[in-house]
Structures are given as C-alpha cells and as structure tokens.
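Quick one: the structure is below, questions incoming.
Note that the chains take the letters A, B, C, D, E and F in the order they are written out, and that residue 1 is the start of every chain.
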Amino acid sequence: MSSELFEKGLKIRTEVLGEAYVKKALAGMDDFNKPLQELVTEYCWGAVWGREGLQRSERSMLNLAMISILNRPHELKAHIRGALANGVTREQICEVFLQVAIYAGVPEAVDSFRIARETFAELGGA
Amino acid sequence: MSSELFEKGLKIRTEVLGEAYVKKALAGMDDFNKPLQELVTEYCWGAVWGREGLQRSERSMLNLAMISILNRPHELKAHIRGALANGVTREQICEVFLQVAIYAGVPEAVDSFRIARETFAELGGA
Amino acid sequence: MSSELFEKGLKIRTEVLGEAYVKKALAGMDDFNKPLQELVTEYCWGAVWGREGLQRSERSMLNLAMISILNRPHELKAHIRGALANGVTREQICEVFLQVAIYAGVPEAVDSFRIARETFAELGGA
Amino acid sequence: MSSELFEKGLKIRTEVLGEAYVKKALAGMDDFNKPLQELVTEYCWGAVWGREGLQRSERSMLNLAMISILNRPHELKAHIRGALANGVTREQICEVFLQVAIYAGVPEAVDSFRIARETFAELGGA
Amino acid sequence: MSSELFEKGLKIRTEVLGEAYVKKALAGMDDFNKPLQELVTEYCWGAVWGREGLQRSERSMLNLAMISILNRPHELKAHIRGALANGVTREQICEVFLQVAIYAGVPEAVDSFRIARETFAELGGA
Amino acid sequence: MSSELFEKGLKIRTEVLGEAYVKKALAGMDDFNKPLQELVTEYCWGAVWGREGLQRSERSMLNLAMISILNRPHELKAHIRGALANGVTREQICEVFLQVAIYAGVPEAVDSFRIARETFAELGGA
C-alpha cells in the first residue's frame, strides 16, 4: 500500500463520513478485515474520491443512486449522512431517489425514501 | 399530476394493499416523500394497475416473482398480503417461489419462503 | 438422475419451446454441457414446470417478468415464443413488460419490448 | 394519460436524446409498444425529468451510473449522447464510470468505458 | 422426487451446514414450504453438491462469492459456517471477499466482511 | 499511483489474460480510459490478484462465478481464457457454472455455458 494515498483517503473519508464513523471503523479493525479497510481507504477514498473532475456533492449523489440500486442499507445510511455533509440538500436527495424510481423501479425507491427518513430522524432537526 | 389518475390509483392501492397500509403511508407523508407517494399512487397504481389486460391475481403473482428477485423484503410482505387479497392462494404463492428458485436461484427462494411464512403467521388462521 | 423425471421434462420442454429448439439443444450436447442439459430438463422442466398448481400461461408470464429483470436476451426470446405457444397473447406480454417498467425500471422494459418486437417479426404474421 | 404532461415530456426527451432518436421511436410505434412509449414519455420525461431540483447535467450523470449498473448497453449509448447534449464533458463521464468501478465493480466499468468509446467514435470529432 | 438423491443430499447438507441447522429446517417444514425443502435438498445438495469435480472447500468459496453478490445475509451466514466446516480458513474468506470488492463493488464487500465478523463472534474462539 | 504496484499488476495481468490481450488494452489506451486502465492494473491485478492466500486457479474460479452472475459476456470470455491459463480444467468450469445454475438461476448458467463453448471453439483443440 502507498501510505501517501492511504493518508489522503483517510482524510477525505473522515471529511465525508465523519470522524465518529471512521474512528469506529478503525477501532473495529482486526487481522481479518484490515486488508479491506486499507483497500477501501486507499482505493475508494484516496484514488477515486481524491480525484478532481467532479464536485464532492456530485460524487455523493452518484453514490446515493448506485447504493440504492445495489441494495445496501447500511452503506446507504452512511452515504446519506455523507451527502448532507457534502452540501447535498434533502430536496436533492428526494430528486435522486425519484429518478431511481423511474430507472430502477418503485420498490428500490420506496426502500430508499424510508431509509432516508430514518436517517433524517436520527440526525434530528429540520 | 392528474388528479383523476391519482384518485383511481388510490382506490386500487387501497383495495390491494389494504386501508390500514394506505392510511399509514399517507399519514407518514411529509414534504420529503410526498412526490414519491404521488408518483407511486398515480403512475404505479393508476396508470399500470388500473389497466385492463391482466387480472389482478396475475399482476400480484408477477409482483411476487419480481420483488423476490429485486430483494426487497418490506415490499414483498406488503405484496404477499396484496396477493392474498387479490385471490392468490398460498398454494399458488408456493408455486411462484419454486419457479423463482429455478430461474433466479435457491437463496432468493429460501428468503421468499421465509418471508411468506412470517406474513402468514402475522395474518394468523390457516 | 431420475429417467422418469427427465422424460417428463423433455416432453414439457418440447411442448413449450418447440421441437426445433429442443432438437438443436440436444444436438449441440457434448461432454461439457451434458450435465447442464440434464439438470435443466429434469429439474426446471420436469420438477417445476411439471407441477400442478399454476397454468402454463401463468408460468410463462412469470418467466417473462423474471428473465426480463435477469437481463438474458437469448432466454427471453425463447420464452416469448414459449409464452405464445402457451396461449399468452401479445396484449398480455405488453402488460407484463409495462409492469416490469414500474417495478424494475424503464430501461428493463425498453429492452424487453424491443426483444419482443424482434421475436414477433421473426415469427411473422399478425 | 394527461396530454399536457405528455407534451412536456416529449419536448424534454427530444432536447436530451435528440430529434432523430425520438422520431425513430415514434415512427416505430405500433399497438404493441404504444402504451410503453406513452408511459415513458409522460412519466419518465414529463413527471421526473420535468421537475426542478436537479440540473439536467446532474440527471444525466445519475443515469450514466444507474444504467451502467443496470447493464443496458442500448440505453447507455442513448444516455451518453444525452449527457453530452446536457453539457456533461467526456472527462466527467470518465469520472462517473471510475466511481462505478469502485462501487459496482470493475467489469461494469470496463464495459461502460468501451461503450462510451464506441459512442464517441460514432459521434466523431475530438 | 428420487428418494436416493434426496438421502444423498440430506447427508451432504447435514455435513456442510450442521445437524442443528438441518434439524431446524426440517422441523419448520409444513405443507407450504415442503416442496422447497425437497427441491433444495435433492437438486441443490444431492444433484450438484453431490458431484465430483470440485472439492467441497472450492464449492464453499464459490458460494461465499455468489451469495455475497446475490445479497442474501441469512444464507451468507449459513454458508460462512459451512465454509469453515469444509476447511476454508478465515484468511481465505478474507481473500474471497476482497475479490468481491474488486469485481462486484465495495459496498458488497463491506457488508460481507461485517456479516463474517458477526458469524465468527457467534462461533466464539479465535 | 504507485509504479511498483502497477508493474506487479501488469505482470500478473499478462500472465493470466495473455500478452495479446494486454497489448491490445494498452494500445487502445487514450486520455479517456487511461485512468481506468491504471486503476484496474494497479488495484485489481496488483493489490488483489497479487496477494497470497488463494491460488490463481481459485481466484479464476471465483471470477467465473461472479462475472457470470454480473452478466458481462466480454469479461467472462477473457476470464474463461484466463482460467484455462491458470490451470482450471474444462470439467471444473462445467462444475462452476452448474453451481451458478443452482444459486443464481438457470438462465445465468445457460448463457455461461454457451459463452464457454464459444470460447473453447475459438481456442480450438480438445
């Protein structure tokens, strides 16, 4: 692993998913999942999220659509929080999931709206 | 939105998924998910379920197969109840999910049978 | 393998997919794909299609929806022909794929309508 | 169907996918696929693409990611052209598909890059 | 059903998934899911797991990759236990899911690692 | 990018997919797809295929199952060739795809067997 790219990825991952999330991920690291944590931090967050060419809010919106279709609720929750942190508004999240309804089907969208509402409730506020 | 198609969809949605389900969906409506509720009611329930050309029991069986493959347990439960309301028998539900086993794989079917049994248990009776 | 179930499956497979299709499949059988041909004929066509509990036209409609979502054009073509052989009308095929549009997304339906039209053109007539 | 929403959808669909594409789609319309063409034009293009809340270039980028994962090459080609028409650059398309590589896997991205290059070659120019 | 193949399948299924698992599956059998239990035991465990040509540990590794992509956590847990019973090590399970990360995407792998860790915790020991 | 990991990945990729394949991939590289080629070579082939812990033939078998389910014929062909280069036999490929039939469905397996036979025909010999 390239430690430079790992450090860059760790910084971005923390900015997007939050310090609490990343601390928990690192604290839960053991011999079994260490190779995954390293790969994800370096490859996903360093090598791709670290690129120029798209704004972070755009990357977040892409992720919401993709993870909704890929049907991974844990990850979707984390990335809804990340999207808000990256400046995506609740109105834009609504639009993304409406587009999911059309292109990937109504059940995908119904689930994603429910997960978004749960996430908003956890975050409190408006 | 066309209010005529919305009304038609609301009527069919209520007949299939039940008054309790639809009341809960509408009661849980806020600014965030209102566009989805409208789109689903009008487009899914009005424009497609409202068509002639297939019996409701046939539409229900198609939905069981599709939602099983799409892997959405919340929606699957609602549509198992809907299928029973549309006159699909438990024996026919068994047949649909056996066909899912062959065409979409054993894990899909094992999950769908388990969810069906949970739904039957919630409904009680034979 | 149970030869009785195999024979039953072969008979149903021929009735649904047509003699030409099945002859070609068997003629193309070699050491490599023989285990698949046997498994499919016996389990898919004998053990599941051979069951009571659903009409063949219903099984065909389920297959059109499932194979459309599973995104397998070769198989979809064969099962569109099979559906027609089982008495499913073109109007019903239209209805099945409209329901796919809603539950699994517009691109799935657009592809399936195109493949259906190609199949109809190959078959000629009305 | 609401003719107002249909007309709005037809206008947007033409602006995004091009006059040639839409003319061909309408010319190929017959009794079988007419309900799909109407549904897609009205709901997909009128009711969702016609909404405020996201820029068209953002909707296009979401579509590229979604249709890449949904694995529909015909539709992907049409929406790569649409993305360019909506002001998405080739550099941004590259970024979208790199993000697909990470979140949905390398084979998805390899296919999508190949399809994009074919589309660029058809369009000529730089 | 061929009772010979069923018996063979039952034996292998018990060896791989454990006596407790299979006893529970059979005890939970009723008129509704009996056809599935028979089909799975005979067809999945007898006709395919019962074949020569791959080692059981290889079949287990294939299943971990496939069920991870198919996104079925209940089944994945059962097959992680099965893999350990078939001599697959935790290190090899890590490798399988890293390969899932690359070919099917990071969210698939993150979920699978989490489920594996939960399973290991339930099993206790190192 | 780490040039050491890239070089390692390039070496493994060439050993598995063949010199002709890799030369063609690199010759077809332009500004648009260069970031993908680098990412795939370094992360997929260097960071994951370059790991100890599984034999190459095991990694190949996992890929055949995964890419079959992911439904990517171009990539499947390349990896069938790669599997043969890694010492996987045609009999083992048959077993992998039979297991796909059970866990991911018959249409997936039918397509994969057909693609394997086409690949064998292109390679000639027994």
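Please note the rule applied: a residue touches a chain if its C-beta (ideal position, glycine included) is under 8 Å from a C-beta of that chain, and two chains touch if they have at least 3 such contacts.
Note that the structure is predicted; figures quoted are calculated from it, not measured.
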Intersection of contact partners for chain A and chain F: B, C, D, E
Number of steps on the shortest touching-chain route linking chain C and chain F: 1
Numbering shared by both copies at the chain E-chain A contact, with half separating same from different: different
Intercentroid distance (Cα basis), chain E paired with chain C, Å: 29
Centroid distance [mean C-alpha coordinates] between chain C and chain A, Å: 40
Between chain E and chain F, centroid-to-centroid distance (C-alpha), Å: 24
Multi-chain contact residues (two or more partners), chain C: 35, 39, 43-44, 48, 51, 67, 70-71, 94, 98, 101-108
Chain contact graph, described as a line, ring, star, complete graph or other shape: complete
Footprint of chain B on chain A - complex, ascending: 71, 90, 93-94, 97-98, 101, 105-111, 113-114, 116-117, 120
For the chain C and chain F complex, residues of the former touching the latter: 28, 32-33, 35-36, 39-40, 44, 67, 70-72, 74-75
Contacting residues of chain B [partner chain D, same complex]: 1-2, 5, 35, 39, 43, 47-48, 51
Chain F partner contacts - residues on chain E that touch it in the complex: 43-44, 48, 51, 53-54, 58-59, 61-63, 65-67, 69-70, 91-92, 94-96, 98-104
Chain C to chain A touching residues, read off their complex: 102-108
